[in-house]
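Two complexes are shown next, each including chain A; its partner changes from chain B in the first to chain C in the second.
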Partner chain A sequence: MSETIVEVRDLWHSHLRGTPLETVALRGAELQIASDDLIALMGHTGSGKSTLVQHLNGLLRPHQGSVKVFGQDLGDRKLDARPLRQMVGIVFQQPEQQLFDPTVGDDIAFGPRQLRCTPEEVRRRVRTAMERVGLGFEAFKDRYTFGLSGGEMRRVALAGVLALEPRLLVLDEPTAGLDPRGRAQLLSSLRALHADAGIAVVIVSHDMDVVAELARRVWVLAEGRTVMHGSVREIFARVDELRELRLGIPQVSELAHELRKAGRQVPADVLTVDELAEALWTNSTSRAG
Partner chain B sequence: MTVAYPVPGGGGTVALAGVSLEVTEGEWLAIIGHNGSGKSTLAKLMNGLLLPGRGEVLVGGMSTRDTSLHRAIRQVVGVVFQDPEDQIVATLVEEDVAFGPENLGLARDEVRSRVDSALDAVDAQTLRQRAPHQLSGGQKQRVAIAGVLAMRPRCIVLDESTAMLDPEGRHEVLEVVRRLHEAGTTIVLVTHFMAEAALADRIVVLSEGRIALAGTPQLIFGDRARLQALDLDVPPVTAVAERARALGVPVRGMPLTSREFVSALD
Partner chain C sequence: MDEFDFARGVTVGQYVPGSSILHRLDPRAKLGGFVIVLAAVITTSSYLGNAVALASVIGIVILSGIPLGYVLSGVRPIIPILVIFTIFNFLFLGNYDPTGSPVIWRQQLAVGPYEFAFTVTENSMKQTVQGVVRIISLILLTSVLTLTTTITSLAKGIELLLAPFRRIKVPGHEIAMVFAIAYRFVPTVADELERLMKAQASRGADFGRPGRFQFAKRARQLVPITVPLFVGAFRRAERLIMAMESRCYVGGAGRTPISLPRLALRDWASLAAALAFTLAIWNVPWPA
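Our next item is the complex of A and B:
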């Protein structure tokens, strides 16, 4: 059953507050995440996405407005946010740069060991986390971390966060720099995490093809405010507004938009290759008839 | 310009195995393939950053094996890497762009005119007094390209130079590449984005250190099954065309971009 796990209302935040270099990063941002959500958070560079994300596990506290995560009010200064860091896993950009242990299994085990899990529990968590990202436990646990491919290293980093058993996973540019194969594998891991492990997933991404392929709902930030939210279909049908916000659009949506401008009757909210091809077919048969 | 027979086999893994490739002056070549296919190795061989284990790389007739020629070779072929942070050395944009020509020992006026024209070419005159850390990713990458251009190379190799950029940054960099190509510079673009590869005159697909496919974008993207066997795919626009045609919609030719697609319909 779906419940609200994150509720951000009218959130304001400044960096370097009280100094001459103070910059306002968030000016009334809103965000709601449900326990079964698969969300993309989009916005131009400097729109406040990263600042917003850092509020979700208490790395930052609200300066104004409210942030409630799993029922905890982060505006409460007395709140100990540490337990939230296990419930909300954040995977930063190029997380493979944060790997440090020579063997894959030990790197992933670092978190559970810090939590003082028993050796059996550490092993169970490492095994589960590795399987969830498509790295076979026996095949990979003793592999040399830094001899893996870029896509494999990224999945090791993701497994390290999953071993903390979060209920919400936030990933910043999860596919940037991956090759097409690494990208496809990572997306299918994320889909499975959402569907099978019941983890709510938020991706922060500029790659609109990734957003179109993965996300169900989209939230768009601009200049620190939430300016659009809706289903992925609704959002990508609003091509002109997205362009105005200096965001890209998926290649299929872009083609659909160009076809509409040229007078073809295709729906604005097609997302996939097959949908657009079928719309063209419907269009051509109705003309012929 | 010729790049022939690079076959490095050092370090225990063979990154490239018997690749023969010629890059002709003025062409735009795209190199695609998975991580580990040897793309970056090939890019780094092109100006002697890596040396072939077997075989030879010739740049305008100069062999990269002869280290005394490296200075001359690097004035012919400049390389732009994935992360602009790795390539920017100075604290001001104009000083960064001047770094290369100053090291060539050129006169002040010559350095200034090269910096000017390099910044013009990447549309970054307004950034010249800025500190690199104040720039966006796309701006930084354009500054890195200007640094390479200030060396007046005849060929520019871009090794996944758009991979870490947002859509606007990618668009900026590709626009610069397109203009350089029109002005006669030879372009070698290593990329994971099929829609970027589609802009080239010719595509080389590397797989496991060998050339698996080579030809025009129309030829390469015309054989989807073969690409999929290599775990690659055609650009989405081309995929729509193929799917629509299979359903019986008349789509002419092999559209690679939205604009081509629109005019390929009756």
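Our next item is the complex of A and C:
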């Protein structure tokens, strides 16, 4: 049974508030996340995506509006956000740059140790986290962190957050800078996390192909405001609006759009190569027949 | 105040665009004036003289058109250091006072085999108070210099000021380049620090529980920050070297400027004002 775990209403936030360099990043953003959600948050550079997600575990506090996460009101200045940071794990952009311990196992164990878990519990959490991101525990736990490949380091960083056993996982541009194989591995890990471990997942991305491949629902930000939300099919069918927001659409949707303009009968909401092929095939066979 | 909002506290190395007289001055005049006023601020040795120096520096800040509160907030990060500096100077400086000025307060304290002596003399008191005022003046003055000058123009100013010394092998261009690069990365590193603290907090790190003055505990907590920060700094440095080499950067040799700006009347006037101010500070017989 799904319940609402995050509720953001009319959120405003400025950077460098009270200085001559102040800039407003959020002007009334909205967001709702359910406990079984798999969401993508999209928007052009500077649309406030990263600022918005930093409110979800209390790294930033609302300047105006309300943020409720797991029933806790982050507008309350006296609220201690630290317990919340266990339940909401945020993986920042280029998370491989936040690794600091020479061995992989110790780096991932940082979180559980901070929580004062027993050594057995730390070990169990590290093992589970590593397996969830596809790093073998025995093979990798004593490897030298800074000698790993970029994709492996990113998975170590992800495991470091998973070791806190969050119920909501937020990833900021998780696939940026990865090669196609690293990207595919990461996406399948995320899909498994959502399906098997029951973790709600939010990805912040402007790679439309990643969004189409992974997300079920999409929220779109522009200039600090939420301008669209809906299922991934609904959103990518609104091609012209997305273009106006200077956002792309997945390559397959793009192709489908062009084909439709050229007079072929293709549904507006195709997302995958297979779907498009299927549609074209039935189309041409029905015409032939 | 947000928990991780550091960039707000760093005013040195920021630049705030504006059109005040300070913004429009030639960087050479600004640097020259800065050094001249600096000499007055750090050499005057009376309560009144220091107060006048601080007031004048605040006057310069107001002239720049940048909100005074913002410039003053640059002092906040060093308050712990100032407090410790003040306590130690206040308690111990009088022990080693060779001037024989009158003793205001003296206390002997024996803890086990150790003996401590605390002495406050009129002279040590004055030095303590002056030290704090001077540091604050220095920070304000340096902040206002960088807040009103872009890095490129500051570097150009340094290069031009050092140009006459090339004959005695002073590498003016290189010094300016080193300075510009170092300065350029202050805000970058501050941003990165903030990002790293947020990232580590998101995986369980706990900053801010020990008080401002529990240094050992704070230091231990900072390992997950300092290691990636240094790794990042080295990586950035290497990239920068690559970028410079691939554009055939060889230093200042054979390089000619596209324009040679002349000092305007306002530049000479501001230099003269700075000089007059410093001479005045030096020559007024401040009481005590």
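Simple rule for what comes next: the second predicted complex is superposed on the first by the 289 of 289 C-alpha atoms of A that agree within 3 Å, B and C clash if a C-alpha of one lies under 4 Å from a C-alpha of the other, contacts with A are read in each partner's own complex, and residues count from 1 in each chain.
Going forward, contacts are C-beta pairs under 8 Å (C-beta built on N, C-alpha and C of every residue); 3 or more make two chains touch, one makes a residue touch a chain.
Quick caveat: nothing in here was measured; it's all calculated off a predicted structure.
Asker: I'd like to know which partner A:59 touches here: chain B for first, chain C for second, both or neither.
Answerer: Touch status of A:59: second partner only.
Asker: After the superposition on A, what does A:119 contact: first (chain B), second (chain C), both or neither?
Answerer: neither
Asker: Pick one for A:208: touches chain B only (first), chain C only (second), both, or neither.
Answerer: Touch status of A:208: first partner only.
Asker: Is A:16 contacted by the first partner chain B, the second partner chain C, both or neither?
Answerer: second
Asker: Regarding the shared-chain residue A:136, is it in contact with chain B (first), chain C (second), both, or neither?
Answerer: neither
Asker: Where does A:95 make contact in the superposed view: on chain B (first), on chain C (second), on both, or on neither?
Answerer: Touch status of A:95: second partner only.
Asker: A:83 in the overlay: touching chain B, chain C, both, or neither? Say first, second, both or neither.
Answerer: After superposing on A, A:83 lies clear of both chain B and chain C.
Asker: Touching A:149 in the superposition: chain B (first), chain C (second), both, neither?
Answerer: In the superposed model, A:149 contacts chain B only, not chain C.
Asker: Taking the two structures together, which residues of chain A meet both chain B and chain C?
Answerer: In chain A, no position sits in both the chain B and chain C interfaces.
Asker: Any idea which chain A residues touch chain B in the complex?
Answerer: 44-45, 149-151, 176-183, 206-209, 246-248, 250-252, 254-255, 258-259, 262, 264, 273-274, 276-278, 280-281, 284
Asker: In the complex, go through chain B and note every residue touching chain A.
Answerer: 33-36, 82, 136-137, 160, 163-164, 166-168, 192, 194-195, 231-233, 235-237, 239-240, 243-244, 246-250, 258-259, 261-262, 265
Asker: Name, in rising order, each residue of chain C that touches chain A in their complex.
Answerer: Touch list, chain C to chain A: 2-5, 7-8, 14, 16, 66-67, 69-70, 73, 195-196, 198-206, 223-224, 227-228, 231-232.
Asker: Please give the residue numbers of chain A that touch chain C in the complex, ascending.
Answerer: So the residues of chain A in touch with chain C come to 15-21, 54, 57-61, 81-82, 85-86, 89-92, 95, 97-100, 110-115, 146, 160-161, 163-164.
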